[in-house]
């Protein structure tokens, strides 16, 4: 019964459920993205439209906006399943909970992180980011946003049982995002000076690898605590 | 006709990329919203038809139960 | 006028009216857009300063005008809906919003594609562009608010209120953005002066504006038909309409 | 089959039960009774492995359930107050999702089963549009579609009409005859239907 085939079945079932639900209520995908764009729009209005100034600040602004809009969907990652009892059914399934967790986090990334990656060239354009930094922006978002979903999943798992866990969740998770923010923006900065940014990207990649291996276990034990 | 040849027309005096980019995305958006509105109408009619069929089935099941 | 208008407050009559109007709008928009595009792209003379890149205005100006026109008509429908409690006007609000957003998006994209060869940047934080971007956000706000409610009756009223708030806010936003822009003299832009436009360019532009207006009408009517069907789907007239094919 | 050894549960400084021991064999059904707040649900959740007991252990076929939980989970069917039905998905989608998550083969009878439970014509509408009893039935379809040995059911009869209760009891009988075991809480009297009914009474303790 515990064949690779059935593990894949489980992954697919959990992943498609979450993605289908998100597509049925399109606001779930659309609103965090819109928030991302609006936050980015506010910066030029607040600090002035000088292209040189904007392009200097662009990496930081794009990444802070990405952090904030990832936070928006995080609250709902396990909430519905917790409220309707699906989470208990996932725990009481003969397959490891961490596998279902990976599927749920992957679905969260597909609906929150991936659209941001795809739209990031547009934001780079709005912020007058230089051409050579565009590649670095897309790459850091591609490697960094899954990591945001994984780390955020731990916080979401810990706070899912709380009545009003939303604000607490951001207090828990945002400090954990700092390393990602530092290396990602540093990679983009380096690329603006036309230097090689492989080092920072490699560190991000290593963090993603560690996150992929360890976060699912942390999330599933957090969920077991929240359910009991 | 302002252009001597078709390739001149495509080149748009060196601004071809920008002109065709604008007209292209414009056409895509216009056709996109037209098709999506039309498909929405079709889907809606189908779902109403499904609903009618569903009600008929429920009625039938109730009648069978009462027999 | 009230007497004439009142029967159309009934959904079935409104649906029939949509069906009657739709072909006229469709013909106007297809013919005008085709003629306007061919004329604008191939037959209108090139601009003295901007060369052929100015041809983008044949879609940029109509879409920009209609993005604001659609918003105003949406707001008027919203006021009608709230003041006279006409449900069909609520539906009109939500039918206009998507096509208005599409017009705004076209205006933004074509503006960027025009700006790149003219100013050397795809995007500059100029007052008109920024206001247009905020207009897009307002459209998205109305659309998402409507879809966020489960109960579509409440949703319609909420969307109407937001549309009205938006239309009051829009001049204020525009004014403040313009004031903000004068603070930062770095990016002044020579505006395209439409009053001094040559008749050989004006005619295709006007035809395109008419065509785009027709298109907005076509989409709004199609979507209004959909919304009417959706909220009246349990009524006999819809059932009859569906069963007839 | 199932053995509860000296289990103690303390919640919010209140001892719900202390050194509780009992066992359940194949073909047996046990009803847990007691007033509200006596700890019926807490006991079921401890046995199902969602919460930890403060003391004691639960074994299934001689193995500690916490040590090898996934093995135990393969033999367990749990339906609680929160029934695990997603309100946005349709009945058929819910059943299929549950089957995939629990590795139950789809035998293509879901439609007939839903019809049997009085959900004709409601298979493909979102569950949130159904009544409470109909939603409950969507969750209870699992009783016809599993290969679990042990059923743990928290108030399975809530919101069901008479016919639904009778159908459920008939399915209990089939499960017991197949050599399964059932542990449930309910306020209904089941002695007339099940001759071999065991009961466990929990007192409300201060």
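Letters A, B, C and D mark the chains in the order given here, with residues in each chain numbered from 1 onward.
Keep in mind that, in the parts below, a residue touches a chain if its C-beta (ideal position, glycine included) is under 8 Å from a C-beta of that chain, and two chains touch if they have at least 3 such contacts.
Here the structure is a predicted model, which is why all the values come from computation and not from measurement.
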>> Farthest chain from chain B, going by the mean of C-alpha atoms per chain?
In response: D
>> Quick check: more C-beta contact pairs at A-C or at B-C?
In response: B-C
>> Taking each chain's centre as the mean of its C-alpha atoms, which one lies nearest the mean of all protein C-alpha atoms here?
In response: A
>> Can you compute the centre-to-centre distance for chain C and chain D, using the mean CA position of each chain? Integer Å is fine.
In response: 56
> Hey, how far is the Cα centre of chain A from the one of chain B, in Å?
Replying inline: 32
> Could you state the distance in Å from the CA-based centre of chain A to that of chain C?
Replying inline: 34
> Between chain B and chain C, what's the gap in Å when you average each chain's C-alpha atoms?
Replying inline: 18
>> Give the residues of chain A touching no fewer than two other chains, as numbers and ranges.
In response: 25
> Chain contact graph: line, ring, star, complete or other?
Replying inline: ring
> When you check every pair of chains, which ones turn out to touch?
Replying inline: A-C, A-D, B-C, B-D
>> Which stretch or stretches of chain D touch chain B in the complex?
In response: 115, 120-122, 124-125
> Residues of chain A touching chain C in their complex?
Replying inline: 25-27, 30-31, 34, 37-38, 41, 44-45, 48-51, 54, 125-126, 128
> So in the complex, which bits of chain D are touching chain A?
Replying inline: 45, 48-52, 70-71, 73-74, 76, 78, 80-89, 97-98, 100-103
>> Residue numbers of chain B touching chain D in their complex, please.
In response: 50, 54-55, 57-58, 61
> Touching chain B in the complex: which residues of chain C?
Replying inline: 33, 37, 41-46, 51-53, 55-56, 59-60, 63, 98-99, 102, 105-106, 109-110, 113-114, 116-117, 215, 218-219, 222-223, 225-226, 229-230, 233, 238-239, 242-243
